[in-house]
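Submitted below is the structure of interest, expressed as structure tokens.
Just so it is clear, A, B and C label the chains in written order, and each chain counts residues from 1 on its own.
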Amino acid sequence: MNNIALGRYIPLNSPIHHLDPRTKIIGLILMMIAIFIPAGWFGYLLVGTAVFILTLLAKLKLSFLWRSMKPMLFMLVFLLVINLFIVREGDLWFSIGPFPIYSGAVFQTLYIVVRLMLMIVLTTVLTATTKPLELTLGIEDLLGPLKVIHVPAHEIAMMISIALRFIPTLIEETQRIMKAQASRGVDLEEGSFKEKVMAILSLIVPLFVSAFQHADDLANAMEARGYVPDQLRTRYKQLVMRGVDFLTLAVAVVLMVALIMMAWVL
Amino acid sequence: MEKVKVEDLCFAYDPNTPVIQSVSFTVEAGSYTTIIGHNGSGKSTIAKLMIGLLAAQSGKIWMDGLPLNEANIYEIRNRVGIVFQNPDNQFIGASVADDIAFGLENHQVQSDRMQAIIEDYAQRVGMQDFLNSEPTKLSGGQKQRVAIAGVLAMQPQMIIFDEATSMLDPQGKAEINDLIQEIHAQGDLTVISITHDIEEVAKSDHVIVLDQGRVVLDGHPDEILQHEAELIRLKLDIPFALKFRHELEKNGVSIHAGTTMEGMVAELCRLRSKS
Amino acid sequence: MPITFEKLSHEYHPDTPFAYLALDGIDLSIAEGKMTAIIGSTGSGKSTLVQHLNALLLPSGGSVTVLDRTITAGDKPKQLKELRKRVGLVFQFPEYQLFEETVAQDIAFGPKNFGMSEEEALAKAREMLAFVGLEESHLERSPFELSGGQKRRVAIAGILAMDPDVLVLDEPAAGLDPQGAKEMMSLFVKLNREYHKTVLIVTHDMEHVLRYCDDVVVVDHGHIVQTADTATFFRDTELLHQLRINPPAVIRLREALCANGFVLSDQLLEMEELAAAVAQAVKHHE
């Protein structure tokens, strides 16, 4: 469990870590848009360079980025293969068995790979440099204006932060229940289908029971400390946009606009 | 002056199995009151009823003369804090500071005033060096300290400890018990402690004994703990000092010490030097 | 055959930044047929230690021998079922492992996994439910309807139904009221004395250690710092203080009296003996 890199916060002291979470969320959205603008190979080079500079600024190691990409690798390869065989544009280059491969397919496939990799790296930069709680606060503030149309921004943020808070607890509990059931002869790897179903039930039922227990206790603790869902609350952690935040956003906007221009010219 | 008055309280989750049956008692302001009874005797249910987390079928509760009802429930929760049993399940924030802040946010304390308050209360429970720590990095005892700080920061007049030490290891138990004593000694807080620790009961000002949802004994521990046969029948512990006193009597020494170990030692020393 | 650990070490998350050496060079022998307490503060490594007994955790270094099975570091042992059947491990708060529709089915779950037929397993469930002190009428009830203490008993019955030779219990009395804890401990004493099971109890409760256990093993920071019979262990008050262990009430009282000028032998571990000695001392002065 501790080897998963995707989505993990890395406590470092970098300029990206110190940015306001809202800057990072909006920046991510702008960059994502930029990635999807078809501005040819030069466009990708531009965005790629920007992303590369970002990872340097965030002090993230290449090995870490590679590990966060690993779980997505299978999907990436799968998409590639499908795409390679299905697209029939451009010149016919060669055939693999009965499958003809076209030049268009190769280029498109490469574009897809680059896009996906850039997206994964960008998302990783966001989650690796932003504490989950800050991310939640950022989302809450960004959703704030939508309260007018009855989007429960605060409640959503509260739910996310509580879910994040209890993930380690539930992981720990899962491991404990697995061990307890293994001591009762449960074997998740071997056994018939029926035995496997029982094995999974013996894990899931206790996990649900304890999750509900946590929820019940937590609700009591929150209410006892004066929490009323739809009542106005103040907030301890305040987000403050600084000059560097506006600068970062400006760069992201410029980048996106540049790509749109390039796409338009093409 | 009475802080809490409970009168003829009845509660059941399902009508055929009553959990609380016409319970009445009063708690004096500033006192250290203990509630004991075996598991399932209704102790925790009473705690939840007192802060309105459960609604009684009948009976009344007053806090400083203010009746507990729909209209007053938030006012009463402002005045009464509670610390629960499971350290994990009451840690709401992502860090120590965030958790202490939770109640302040609910009370709409201004954001810029919070930092000072959080630091102050973290200091009082000895957690000032852990403000940014996440709950997974803390021991059970430390989490309970944070829970206590979170409750204290809301400046309640009374705190209920609902078996707050029962899931802790001996060090954690000792830490939290000492902290509770200290908090009680410092201010004019009323403390209600729901506990299995008979030695804690022996040191308290007032004890209420529950059995099957009823109050069966109610009074000063020096008096209540004399009802040994009754306590055994109720599946409760007897303080060690009391058991030891009986052993001494068997050996022809009768002494008039209280129910605490300290009292026993003092009395034995007095006897020894006198002779 | 005793349970032996030879130079056993265990490291969590090896080769990662989170690597943590929980046990370091454990040499230990636990006598067969005894009731042994395993004590140590939270995080000392005692839970890690006992999880090697049924190969839930495998040694990073050294070896462990339980019954006639030796597991050495680097092994990828197969056929662990036999070992897991013979070493019953009860985790802390075992009530959280209940999941079946009825109490009978839940108790029978373990035995069935270890190859017992449905009928045999259900018969065993009936027998064990009685053994842990619950009425037969509970058999067809849902385990989730029971009280906390009853759930705990059902969960323990589920392990006993596997008929293990060695029973390992991680804080079996945690969270129970004093009476419930006493009954629980009596159950293990009965298993040990009458059914000759080797019983290992991980506990923080020194009163239980003094009253019920034959031997004591002390784990501290991943090392074994003491193995002794209970009486010897509690005589070493210096070690108790060093380990920040709060001694049983008898010893606390004796120490408090000694600090106030009483002369009392450190052999006194029973309340009755201490009372007699104290009475003597007081009367002697008269």
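Just so it is clear, a contact is a pair of C-beta atoms (placed from the backbone, for glycine too) under 8 Å apart; a residue touches a chain by one contact, two chains touch by 3 or more.
Everything numeric here is computed off the predicted structure, so don't read it as measured data.
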Where subunit A and subunit B overlap in contact partners, by chain label: C
Chain pair showing more contacts of the two, B-C and A-C: B-C
Chain whose average C-alpha position is farthest from subunit C's own: A
Length of the line joining the C-alpha centres of subunit A and subunit C, rounded to whole Å: 44
Subunit B-subunit C separation of Cα centroids, rounded to whole Å: 30
Junction residues of subunit B - those touching two or more other chains: none
Subunit A residues within the subunit C interface of the complex: 2-3, 173, 176-177, 179-187, 195, 198, 201-202, 204-206, 209-210
Complex contact set, residues of subunit B against subunit A: 48, 51, 53, 74, 77-78, 81-82, 84, 86, 88-95, 97-98, 101-111, 114-115, 118, 135-136, 147, 150-151, 154
Residue ranges of subunit A in contact with subunit B within the complex: 131-133, 161-162, 164-165, 168-169, 213-214, 217-218, 220-228, 231-238
Sites on subunit B touched by subunit C in the complex: 38-40, 139-140, 166-167, 169-172, 174, 196, 198, 235-237, 240, 243-244, 247-248, 250-253, 261, 264-265, 268-269, 271-272, 275
In the complex with subunit B, residue positions of subunit C that touch it: 41-42, 147-149, 174-180, 204, 206, 244-246, 249-250, 252-253, 256-257, 260-262, 271-272, 274-276, 278-283, 285-286
